[in-house]
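The structures considered in this document are given below.
You will see subunit A twice below: alongside subunit B first, and alongside subunit C after that.
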Partner chain A sequence: MHKKPLSKQIYDARWCYLFVLPCSILTGMFVIYPIGMSWYFSLLDWSGFTKEAKFIGLQNYYEAVNDKFFWDAFIRSFIFMFGTVPVKIVLGFIIAVFLNNQVLKLAPFFRTVIFMPVVTAIAIIGIVMTFVFSPFNGPANKFLMSTNLTSAPIDFLGNPDTVLPTVMGVYVWKWLGITMMYWLAALQTVPQDVYDAAKIDGAEGYRLWIHIILPIVLPFAIVIILVEAVGALNVFPLIETMTAGGPFFSSEVMEIYIFRTAFVTDSGTMPRLGYACAAGVFWGVAVLFITVLQGLWMRRTRRI
Partner chain B sequence: MSSYLNFIAEKNQVKYLIITIAFIIFSFFWIYPLLWVLSASFKTDFEIWGGLGLIPDRLVWENFERAWFGANMGRYFFNTLIITVVSVIIVVVTTGMFGYVIGRYSFPGKKILIGILISTIFIPQGYTIIPVFDLLNNLNISKNLIGLTLATAGHTPVIYILLFAGYFSRVPVELEEAAKMDGAGFVRTFISIMLPLTKPVVATVSILQVLHAWNDFLLPVVITLGNPDIRTLSVGVYAFKGEYFVDWSGMAAASVITILPIIILFLFMQKYFVEGVQGAVKG
Partner chain C sequence: MKKKKELKISRRTVMKGALAAGAMMSAGSIPSKLFAGEFNIPDPLKPLPTTGGNMRWIDSGDMKGVFWKKLFPEYAASRGITIEYDGLPWKEINKIVPIAIRNGTVHDVFQLPIGMDPGVAVSEGWVQPWDDYIENIDEWLGAFPSGVYLPGVNQFNGKTYGTCLTANKRTGTCLLYSEKYMSEAGYDPQAGRMTYSEIRDAAKKITKNGNGQYYGWIIGGNQVNRWEDVVHTFGQVGGAHSGRGGFTNRHINFQNGKFQIASDQYMEAVELLLQLKSDGSAFPGVMSMNAPQARALMPQGAAGMIFQGPWCIGVWGRDAPNWKYGIASEPVPDGKEAQPLYIAEGGSNTFWLSANSTMGPFAGDLIRFMGTEQGQIYWAQTVGAADPAVNPDAVAKAGLTGPSAQALAMFAENILVGPNPIVRNKDVGIVAAKSRVPDPSLALVIQGLYTGQLKGVEAQLKDCNQRYEDALDKAVEEARADGANVTRDDWVFPNWDVYSNYGAEKYQEI
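Moving on, here comes the complex of A and B:
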């Protein structure tokens, strides 16, 4: 069979090109173009509000890697990731295992309840949680004190030692429903006959789980970990509305740092979009690097 | 589907009861913060900080009045509604067309197009926000809802496209050939044969986009920095916190105005929410 010339192929597919055009334009404008432009902006000394921009090469990057706040935020983002993802994966799995039982009559109700925070606006969650964890009669402290778990109110969000664990806890609460849904999807792929065969062989209890079910859901686990890990690096709305990175920058993750250097001017400093872009590019590359690493790991595991 | 993976034996009533009760207690604690804000929106400030009880002494509807008119939540509600509805329409039409072509046809450049798309899947929003802000300024659409709506529709569309493409690729070829025999062109086949078949995907994609548009924060907070008139609900409540810091009950009412519509939508269309979320790992 001979192949048609390229020009004919393109002409024949003219409708296809027309159909991909609208979405491509939109994605080009708001995803692809910004990615390219942030590289360019990162080389400028530019406030973002005037036309004056000076090309300064890699100076912004140089300044970023020498800024203590930058590295603190960078590391904190990963602390946040390593502190929340394993908890979500394990807790989500346990809940999914229970709620996957058709025998449990109330399972659909529990699923709905656990999923509820997922659909609630994240900024609102952040604001409501500043009430819930308020040291002045907030419900969390009220509960702890009425049950005599603590004698004095805890300033969850005002103390640099407790603020990050509190925000992480809220993050897990907010998004656990999604992890649970992922696991439920994974568990539903375990075929009935595999299970029956295992039963006949006498595999019971934990052995059944370790030898039969875990290997089947493992490929899912890797995808879930990847999605969750990237998700845990994008926590701007929750932290901005709960603490805005405070107190004393103790909950400032990378996205808050970028936002602060780009837009927040209340300390009298000029906004610096160029510098913020440099921090953003550095951050984007780091995230991409992790994604690629995990992707490779995923492929290797799949081959086994 | 039979009851595989059931380690709770149907005969073991005690175990069953314990698990059910444990989950009921767990669910109550889980949902308590949401119930708390709902009840706070009907309480007086004094009552909010008075105790852990959830039932207000009397329903203080004035909280909602203050939030809706005084704090401008009414305006923000309609802003959010417009942005959400229009961006859903844009997203469904554009990704539906894209997914159709990707799922059913091959053409030169298809692989490159897919490759570029896939590479954008994990781009953090914090990475693109500054150029987006600059772009809307340059196009002179940063001061009205047009810019915000377009940018809300223009986030990475990979999951939507995969959902559409997967569905379209499973439609039997005979349907298309029959349409061609009847003399239907490319566009008519898509609109009158293909599109009606994909209602479940349209529903799932719409729900996902509603969730994204209604709850988004970083984009609207940046775009509306200098334009309070085009704030969305989330940004409005955040600004409320800054401006009327002591009006706790008003803030609770504003929060309820923001979250209740989506929760109601979720309760009625749960199936599509679940499908959308699970599509991300199944695909």
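Moving on, here comes the complex of A and C:
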């Protein structure tokens, strides 16, 4: 069969291209262009707001990979991810299983309660939580002391040993509702006949869940894990409002590190946008790498 | 039908009111300017545009904000404009202003982030001179004390780019204390400057008396500059003579041009902070609060002492008028005489006019008024010692009393003008623009020592000192590569007598 020339193919599909055009322009302006510019800026010695910018090749990258604080923040980001995602996935699943039960009359109420933190502004939650965990009259400490669980107030956000777990806990609480919703959506794809058939075959309780339901929702699990993992690597507003990365870098994740070097130096000297871009590009590639790995894992699981 | 209640004012009530108002005015306890609508704003020296508009203004707030919020509505009404004011902590200024400059939305009048070289702001074209907007500017400048307006500091290319309404003769680490707790502990800081041992002992006793309800000492520990400010000033009081200001001044002993971070005096000051913690005298939540939060807890009775600035006076006066507190000079190491503190020449709270601003005529008119003696009196009466008015005659006429007057007297006694390398050589400004405080900064090192994440005061301060030396060397080298005529010798002032002001004649000598 004779193939149409490309120009003819494009002309024939002109309406499709026309409809794609606005989205392509916006993607180019707000995604492709900033990514490209950040790659370019990462090769400059530039504060970001003076005219003077010097091309220095890969020197920013060299400096970043030799900076202890860069790697500390890098590792801390992954600690945050590995510390929160499994908890959210498991807790979200358990809650979804309970709330998916049609017999439970108050399920919509509990769903709403658990989902409420998701729709609350994250900066507000961050600020309110600093009061909740305050060692001076904070409700968390008041509870611990009134129940004799501690004899002295705990400085949750000021102690390097407790700050990251505390922020992680708040993060899990804040976003648990969305994980629950993902799981509920997944569970509602399981047809009722499957439950009925399983029960007739004598599969009940944990056997029903392990051997029947879980294999059905597993592909959803991988998508949920992927979304949750990327989400847990983007926690700037919560940490900035709760601790700003302190005390002494104890809760500084990569986004805070990039922000600190790009815009704000505590000591007030010139920021380093070029260096921050190099750190950002490095970080972006690392996140992309993880996303690709998860994508491959998902394809493999689907084949199984 | 219920009869509408009528407002009845008897002759007796009117007489009582008049007598009360008269008594207040004659006692002078509340200056007349505190009543809204009583600023006597003069007419502009030349006609202002009649087009109106909105003027946006950002600065570091505190008592400045209190004053501006009273004045701005009146001024705006008198000139037919609106004024949008943002008073924010320095931490926020450091974030917002660079981003706003970068995207062209900076306020009409703003303060530069801490440590940013004004020369860069001028050369990059972010700001415009005030000369066209302040009528008879030469005469206006002549009314300020010498040393406030200086080439390379706020004047460039023969024009005035930065305006200062306040003096920088103050410290941010005075001893502020609860009179009740301190007296129960058996100490009276008004009897004389306290020593480190006395501070430690007083903090222990207050904590013991508090029995878990209050503690000896508090600091806004997650605001890292507080750690550096305390150690720097205490170090100076102990005898580590050094400059104040940005990276190219702070911690440098101008006798030899070297950083003082690893000096014995700095180490002693850090040790004092660590001892307050190890004694159990520190408020337990210091690492999760900033300076304003720590300050707000003092009148609530959470702690007995805080090392803070005179800006607390106005805030406490407004928020906790019945709370009794005292202000005293920074403590001194045991067995030592307190040494002077130093400021660089120039004023403080410099205001810059955005190059994109179309509100220059109004901003200039307002700044001109605030620089007059009447404007300075208004300022002094509201702001007091928090940001002292730059005109000493106006301060004297403002009739300040209580802690404000005491703080100003204390600053006058303790603070001298020290050398400023940028006044000696304007190319030092290029070094300032190139310089970067190394990671971790001194502020973070002290915070890390306090939390226990870093070990060994001496080793950490020595490392930090070396990092600062290397950073300054690198900045000088880069500035020289760009054509600046500058060396590390520009930081050495061999004729600096640490017990006297370093004035114009001293610069001429070298």
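Convention: the second predicted complex is superposed on the first by the 300 of 304 C-alpha atoms of A that agree within 3 Å, B and C clash if a C-alpha of one lies under 4 Å from a C-alpha of the other, contacts with A are read in each partner's own complex, and residues count from 1 in each chain.
Quick note on the criterion: a contact is a pair of C-beta atoms (placed from the backbone, for glycine too) under 8 Å apart; a residue touches a chain by one contact, two chains touch by 3 or more.
What you are looking at is a predicted structure, and each value in this text was computed from that prediction instead of being measured.
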{"item": "Which of subunit B and subunit C A:Phe55 touches, first, second, both or neither", "value": "neither"}
{"item": "Dominant toucher of subunit A (residue count), subunit B or subunit C", "value": "B"}
{"item": "Partner chain in contact with A:Phe289 - subunit B first, subunit C second, else both or neither", "value": "neither"}
{"item": "First, second, both or neither for A:Thr243, with subunit B first and subunit C second", "value": "second"}
{"item": "Which of subunit B and subunit C A:Tyr11 touches, first, second, both or neither", "value": "neither"}
{"item": "Which of subunit B and subunit C A:Tyr33 touches, first, second, both or neither", "value": "first"}
{"item": "Subunit B versus subunit C as contact partner of A:Pro135, first or second or both or neither", "value": "second"}
{"item": "First, second, both or neither for A:Phe69, with subunit B first and subunit C second", "value": "second"}
{"item": "Partner chain(s) touched by A:Val20 [first = subunit B, second = subunit C, both, neither]", "value": "first"}
{"item": "Subunit B versus subunit C as contact partner of A:Phe263, first or second or both or neither", "value": "both"}
{"item": "Residues of subunit A contacting subunit B in one complex and subunit C in the other", "value": "48, 130, 136, 263"}
{"item": "Complex contact set, residues of subunit C against subunit A", "value": "90-91, 94-95, 98-99, 101-102, 113-116, 120, 124, 212, 221-222, 224-225, 246-247, 283-289, 297, 302, 433-437, 439-441, 443-444, 447-448, 451-454"}
{"item": "Subunit B-touching residues of subunit A, taken from the complex the two chains share", "value": "6, 9-10, 12-13, 15-17, 19-20, 22-24, 26-27, 29-35, 37-38, 41, 48, 97-98, 100-106, 109-110, 112-125, 127-132, 136-137, 139, 142-143, 146, 173, 178, 181-182, 184-187, 190, 192, 195-196, 205, 213, 220, 223-224, 227, 230, 233-234, 236-237, 240-241, 254-255, 258-259, 262-263, 273, 276-277, 280-281, 283-284, 287-288, 291"}
{"item": "In the complex, subunit A residues that touch subunit C", "value": "48-51, 67, 69, 130, 133-136, 152-153, 155-160, 243-244, 246-250, 263-272"}
{"item": "Subunit B residues within the subunit A interface of the complex", "value": "1-8, 10, 16, 19-20, 23-24, 26-27, 30-34, 36-37, 40, 49-52, 90, 93-95, 97-98, 100-102, 105, 107-108, 110, 113, 116-117, 120, 122-135, 150-151, 153-157, 161, 186-187, 190, 211, 214-215, 217-218, 221-222, 225, 233-235, 237-238, 241, 248, 251-252, 255, 258-259, 262-263, 265-267, 270, 273-274, 277-278, 280-282"}
